[in-house]
Structures are given as C-alpha cells and as structure tokens.
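By letter and in written order, the chains are A, B, C and D; residue numbering begins at 1 in each of them.
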C-alpha cells in the first residue's frame, strides 16, 4: 500500500465517520461529543475478534457494527431523553467512561493497546464502505425517517403534534450513526493494525464535529467534502512542523466565522441537479434541505 | 484514485521543499512537534539534526550527505503511521528513526514489516519488537532499556542499596510507559522478598493525587515508586509533601526533566529523590555536545531527549557504514549486528541484541536530586540478569 | 373504532393547575362530528391551555378527554396525533429550512408505513409510498394555492402563506379533529375572508370536526356552528353566536366590568 | 483517613466550583456552551507564569495581571467569534463549535509559545499546612478557598448591585427583550464574557499555583461543564454545589473503589443524577413555554 493509498484510506474512513456525525448532528440536531467512542467500539470489537479468534475481517467488521448498535441503545435509551446540551454532556461522560474501561481491561490490551490486528484494508474496501455509507445515509435522509429527524431538529414540539415520536426518531438516528461509526472503526482497525484507548478521546470527537461543520452541518455533500478536505489539509501541513496545529485551527475558525453554515451550507450534490429536465420533473429543492 | 494522487502530489510539491543534490541518503525522523509532548519531540529533532550536521561536515556516510526529514506525529498513532508511509514512499527514506512513544511505535511496527524499511526508536515497551511470544518484528529496533529492565533496575536499587522492604507504587493506568515499569518494579521487588504496601493505578487526566497519596501514606512505605512523566510526577511529589509523606521517592527517567522540578514546586521538594536515568550529564564527553547544541539553537539542551535524537543518528549512520550500502534491507541486517558503538547514553557503548531487537545489557544511571536542584550521579546499574 | 358515537370530542371536568394558578377550571364541553366550534375569551382566559391539554402537550391535573370515544386523557402528544387529532399553533411552527413540500410530507409521517430497512435500501415499497404521498401533498398544495411554492423554503414564504401552509400540514393526514389556534391572527381582511372559505372547504370536503380559537369575531360569526366563551379558565357560556353575543355575562366580561 | 479524604475532596471540588461558575455565568445568562473558557483557564495560568518568570514581576502582581489578561482575552474571543455569529443571526449552536475551535487554537498557540514546557511559578504562593489531629490541610487550599469565595461574592455584587449586572440578568441570547429595554446587547454580552474570563483567569492562576502549569490545563473546562449542568440551570450556587460534588465523588472513588476506572464511576454517576433530576441539584424545573 503506497502513501497515497494510505492517505486515501484515511480520508475514506474520515468520510464515513463524518457521515455518522452528519446523521446525528446535521439531521437530528444532537451534538455528540462521544462519537469517537462508537468508532472505538467498532474498532475494538473487530480488532479483538481478529486477534483472539482470527475471524475473517469482514465478519469482524460486521460484528463491530452490531455491537456498536447494541451500545447505542444502552447509551441512547437514557441519554436521548435528556435535552439539548445535557445530551452532549452525557456523551462526554460516555466517552470518558469507555476510555477508562478500555484502559483497565486486560482483554483489550489495556493502555498498551490491542496489538497484532492484521493490516488488510485496501483502498477499494474503503471505496465500498464510503459508497455504501453515503448511499444509505442519502436514502435515510430522503425517507420519512430522515424527514422525521429533520422535523425533530427544527421543531420538536410541532413534530410531536404530527405523530412523530421524537425519542424513537432520535434513537434511530443515533443507532444509525453508531453503526456507521462502528463500520469506520472496523476499517480503521484493519488499516492501522493497532488500537489504543487514547485514539478515541473527547477532543477526537470534537474534531469529527468540527470536520462536519467545516463542510456544512446541514449538507451531506459538505460532510463528505469537509472530512476529505480537512484530512488532506492535515497531511499537507505536516511539513509546517510546529505551526501545524495553529495553522489548522486558524483555517477552520476563519471558515466557521466567515461561512457559519460551512463551505457548502445546505447545498447538496445530486446527479439530478446536473440535468435540468429531471430537476424540473422531480422538483428539486432550490434552497431547502435538498430532496 | 490516480487523479487524486496526482493532485495530492502537486500540492505536496508546492508545500514541501524537496530538493535533490548529490544523491543524499534520506533518513526519516518521526516525533512530536505539536501537542503536549512536543517539548521532548523538539529536543529529539534538534539533537538529531545537530548530529546529522556534524556527520555531513565530516564527509557524510559512504561519501554521501545525510538528509534528515523530520515529521510530526502529534501524539496520535494514525498520524505516526502516515508519517512513516510518507517518509518511505514519498521521501524514499532508507531508514526511519523514532518514536519514543510506545503507542505510536506499536502502530508503526506492523507497517514497517510490510514496507521493509527499518525503524530505530526509543520506546520502552517490549511488545514493539516482540508483539507476541516467539514472534519478532524484523524491522523494528529499540535503543533504550525496556520498561521491564528499567522497573527492575530501580527495584533492585531500592531493595539492595536503600535496603527498603516496604514499597508503594503510583502509576498511570492509561500510560503504558508508566504502568509497565510499575508492574515490573512491583514484581521484582516482591520476588526479592519486599512488600508492596499499595499498588495504586489512576486514570488519564487526573490532577489531584491526594486521594491516592493519602491511601499510600496509610501503608507507611519506605519508598514510593513514581514511574511518571514530568508533569504528573511533579504534581505527585508536591502533593505528597503537602500531605507530609516522608518516604523516599523513586522515579523514572522523565523525572530528570527540569520541568519536573518546577512542577514539584522547587528543589527542596525533590531533594533526595532517586531516579533512573539514561545519561550522566556531568561526564566530560557532553561538554562538546552541549556547546555545539547551544551554538546551533541558542539554548542549552532542555531534556535528555536531545541525546535520543543524537544517538539515533549516530547508530543509523554506523549501521549504514557497516552495511556498505544505503539499502533498507542491508541496513536492517547491519542494525542487528551493531556492537559496541560509541554513543552518548548509558555507559557510552551500544550493542543490539539480534534476538530481541533491543539493547543488550545497556546500563542506566541512578541519579539523585539534591537540595540545590542539581542532579547527582549515584551509581551505574545494569539490568538484572534474573 | 366507535363510529356510532355522536360526539367526536368530549371534555369532562377538565382542570389544569400551574403551581397555585388555576389555568383551566372544570371545563366541560362536547363537539359533534363535523361541527365547527369556536372558543373565545379575553387574553389569559386559558383557551390555548385547553388546546394544549386536548392535544396531549401537557397533562391535565384532573378531568377526562374523549376523542371519538377513546380516552386520550393521559396520552402523549404523538399518541393523540395518531388517534386522529391535529392542531396548529398561535405562532408559526413550520419546519424552517425545509421546503414547503417537505413540510407537508413530514406532517404525513404517519401516512407512510414502510420500514427502516426499506428506507435504508431505498426499496420499491418506499418509492411507491413516497410517490403516493408526494402526489397527495402536491394535490393539497394545489388546492390551497401553494403548489407554485412547493420547492421554496417554507420560511421564505409571506406570512399569510405560511399560515395557510400550517393548515395544509394539519389536514394532510385527514384527521378527525382539527384544532386551530388563532388562524386569522396577523392576516389582512382579504386573507381573513380567504381563510374562512378555506375552513369551510375543509369541513365540507374532508369531513372534519374543527375547534377554533379566534379573536376575530368576524371569523367566529362567519364559520362557527357553536361558540364557547371562556374567562379565568372557566366556561362562561356556550351556544350559537346569536345566543352568546346576547349573553349578559359575556357582554360584561368583554366590556371589562366585574 | 476518611476525614482526610473528605478534605481532599472539598479542596479539589472548590477548584472545580470556581471554574464552573465562570462557565455557568455564560451558560446561565446567555444560554451558550462556551468551551473557550478552557482557553482562558490555561491563559490564566500561563500568563501568571510568563509575567513572574520572564518579567520578574512579583507573583501576586503577575497573578492579578494574568487574571485581567484572561478577562480581556475572553471578551476579545466574544468579539471575534460570537459577535459576528450573533450579527448574522446564526443559531447559538454554531458558537458551540466556534468556541471549541478557539479552545483548540489557543491551546496550540500556548504549546507553540511555551514549547510545551511543563512548569510552575517561580515560588510557592504560600507554604505550610494546618494540622488537626491526623488531618492535614495545606494553607494554600485555605487561601484558595478564600479567594474563590471572595471572587464569587464580588461576582454576585456585580450581578445584583450594579446597573450592568441588572442588564446582564435581563439579557438573553436573542437579546430582543434587552434591546427593548434600551440595553446595548453588545456591551452586556461583552461584559458577561469579561466576567467569565476573569473567573476563568482566577481559576487558572490558582490551578497553576496548586498543581502545575501545563498545556492541557484547559481540559478542566469539561469538568466545569459537568459541574455547571449537574449543579443546575439558572443558579450560580448550583455550579458551586456541582463542583464540590464532582470533587467529592472523584476523590471518594479514587480512594475507595478503583482510581483507574474512577472516570467511569464519576461520570456515570453524574449522568444518573441528571436523569433523576434533569434540572440539576439546585436548579428549578422550567416547564417549556409553548
């Protein structure tokens, strides 16, 4: 695997993670600062099965997704009842807690980490993952479930009067986001071959959030391109050595201040938008959330 | 994929400054230039660049100049792996130096096995070179005594020289450097017949250790082992003094950092503390190094990590010389065979153990902080054979 | 399920206390199917609280509410909605940032039946259901002169159209009972007349029972079969507009004499 | 020993409390989560260090100056990040992210300038400790508790006795109501951030004295966030309770359960408290106005 391929794989994994953040934050309006923990759950499950039972990577990743979904219910059922900022708080708590548990757990390698996961992720695996994730998230967004999430985000009370169960909508979005993060975690495990608890901290989660904001919180396209742009930017800035983090944070801050809606705002890329006739027929949104 | 690669290549050329002259030998160096551990990283990079300059001034290696490329890993394993890949694939490095973080070296190790470009680092975790019993990472080497050896050396010193029979340990569970040393200290100390009154582990991000220290105090140990980085170590000593703990403190090599004394609240708090150290700065051989360092960077070396960088370059150049070719595979074989190479750390001689890919019988110094805030050498100790 | 009942909505002894404040005090009334009932009263009389209680947004302190024979007293908002009740709010509660069409479709969430798996995999079932709902929504928008704006952002519409869109959203799933909270507030006289025609049209074409809170007596007079007058959380009077407007207590209340 | 652990817990908790109040004043009054508070905490410590070490100013003066700097920087952060967002009528949640980025940026700058050096002030603020039977209370803790109480009293004096304090209490994020009352929202919000920055600066400067000066000091903001929310909405005293509670839980679980998993215990327990009492310990339940 060449350097470019590994950058590409990293970009792909970040795009997948950003799709998860988009579902929970962009669509549903919940600010999760614990998204990295779901990546951790996927990664550790996959890595553990691969090292301990030498299972096929695909099975490991699937298992990671399943466990992520299960955990999303354990975390979601109490914390999604909390409102607004309290939810963010609960996710921070979850992130700290999971880190502490991974650190003390001998099974998962403790602070030394999980060593010896086979390095098998190739670029086409990631392409498959990205395409599948983007497609599924797009479907979800356009379906009644996605619309329900959007309604909950904009006006929870009104949504309830239309018979939308806000808690159920949030839980669905949360679980979907977790499943996506779990997939990204699995790919990460097989890309890096090594996992340690300090790879999945609260600041890492906040970086994911910032990534989605950078591209445009309310745009799926923005989430994809924001994640890609910032991952590549980080790599480009490698040569600036000690200035790297300052330059990176400054660039993001300027974008957030100049374009609070992110680079793409609410604009969505769509094959249909390239074709004026279909655009008219399907009645694509001009300025809305995209259809 | 291809177009992506082309665009990225153009951008990289625009950003980077890759010049080619007289076919230099490219050596990569991965360290922390940003983030909370960048003090050490910068020291390492400075030491390495100083050494590379010296070698180039003396005619280079195999008649070719050395080109050292330093990349940041900002404390993250993913970043470390990307830096390694970039060094190997883009910069065509024939060998890579760094890191002294076990977590990052652990992540780089499997990639190095695929890329077959050797890595020489300073991590202390034995799993970096031996991921599982009976399995050796062919392309990874460590140039510092392992955490097993460091923990045991300190335990033996406490048991034999200080005559301590009751010890307590305070370790960061989230930091493998800390917890591994602590475990091996306790294991050795107990094996020799000592008692470990308390083995307290704490979690990342703790700043207040008085709960832990109060517990340790209750067991009234004679010595307390603090295998720590400078900042937590300093805060622990300071808070222990506040709580009136009178036991003798033992520490790891990071407690040599001047920031440790500052964080501990001054020289009077650290006076009497013994710690294991890779280097005896008072030896005359360091005078030239310190002067050259100061001439180049305008300040004296802050921590001993500058010597990590310095020695890493010395070792890799020796290996290239012995290999007779700047080829990764040849260098790898040559590193395995490094014997009695003159270096700065330890007792000034370096021998690689081809079985473990770690140093063979590399000694460390037991040092002590005195009232004046100076480091006083106590004795040179070798890893216990048992 | 109880199609034979002759009252669509029945409120028995309904009370709501906020701390020491009695916002609704033993209200009783019933509404027959296809009736349009107006609730009037001075500001702070507890009219909106009654709506909030009926629609399940807040639980009552005591009393009983029956919707088409089903007890909905302690049901939550979405459960009440699923049993066939929709409401609008005094202020506009559109989903800002969504298009007009998306707004209507999200209000029709319960009309669609496909599963999450259908959604994630974009199944044929989803497509046909979505198509049907889009057609229904477009047809409704067309009937209420909003079709041209289907792909505009809802919050970019003029105020009058936003109010009309709120009503379209409320009726898209053909509820049994529709609660309208001050639909005419902020409308100009022309728009008010349009609104009255619209409400009539809804009742006639869609078989709906409508409760309406309104300050505009013109609207009350023009469309209501029955009027309930509230003051200080209590029902002051009930009857046809002619009866109510000659009621002495009502006159006293509106003139502000105690 | 248990009494000693309680003292340890209260001492740690009072530190969290001071940090939490600075966080709470912005959250309770403006309703926004301000992670840049972490930046002012770190600045409070580092400026005191820089001034006392490089300019050789007396430590006390350095601390006062650094608190002022932290306050001004906080107001400046408001001016360059929150203000334009408010101007553009963006939802306040954007500030959530902007403040996280500012926090990252300031931390990166501090690391760059200080070369990630871990250090401490040139001298200890106050030596010695008070001994009562077997319990040891460092004098520094007593002094810090005193400063914390004094600054909170000063804060309530500003909020309840001055005109700008009244304006602050009237103000809310959308500031329409305040504007109607003839209050300049820019001034009020700026002052709120200044006050928060001063408190963050005090907290940071004291943290520097009590522990050490190191780049991740700002991460305390997450604990402050918890203390503020657990303590309760709409109440500065709640934030103090929250801080003390976290300090106590952390100390007790460190001492008697397992220090390595104490974050899991502490934060798990806090979430449970929030589930049982969503309004926080001291907060009043605010029913949604419909």
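Points worth noting:
Heads up, the rule we're going with is that a residue touches a chain if its C-beta (ideal position, glycine included) is under 8 Å from a C-beta of that chain, and two chains touch if they have at least 3 such contacts.
This structure is a prediction, so every number in the text was calculated from the model and none was measured.
Shared contact partners of chain C and chain D, listed by label: A.
Located most centrally within the structure is A, per distance between chain CA means and the overall CA mean. When chain centres are defined as mean Cα coordinates, B lies farthest from chain C. Centre-to-centre spacing of chain A and chain C amounts to 39 Å, using the average Cα coordinate of each chain. Inter-chain spacing, taken between the CA centroids of chain A and chain B, is 35 Å.
In terms of their C-alpha centroids, the spacing between chain B and chain C amounts to 72 Å.
The centroid of the Cα atoms in chain A and the matching centroid in chain D are 30 Å apart.
Residue positions 96, 99-100, 103-104, 157, 242, 245 of chain A each touch two or more of the other chains. For chain D, residues touching at least two other chains, in rising order: 108, 111-112, 219, 258, 260-263, 290.
Chain contacts: chain C has residues 57, 89 touching two or more partner chains.
Considering their complex, residues 29, 31, 78-79, 81-83, 85-86, 88-90, 92-94, 96-101, 103-104, 157, 202-203, 206, 209-210, 213, 242-243, 245-246, 248-250, 252-253, 256-257, 260-261 of chain A touch chain D. Taken together, the chain A residues at the contact with chain C in this complex read 135-136, 139-140, 142-148, 150-151, 154-155, 157-166, 172, 176, 218, 266, 283-289, 291. Interface of chain D with chain B (complex): residues 1, 4-5, 8-9, 11-12, 15, 108, 111-112, 115-120, 123-124, 129, 131, 136, 138, 140, 207, 211-216, 219-220, 247, 250-252, 254-255, 258-263. By the touch criterion given at the top, residues 27, 33, 80-81, 84-85, 88, 90, 93-94, 96-98, 100-102, 104-105, 108-109, 111-112, 219, 222, 225-226, 229, 258, 260-264, 267-268, 270-271, 274-275, 278, 288, 290 of chain D touch chain A in their complex. For chain B in complex with chain D, the residues that touch the partner chain are 34-39, 42, 173-174, 200-208, 210-212, 214-215, 218, 230-231, 234-235, 238, 242-244, 257, 259-260, 262-266, 302.
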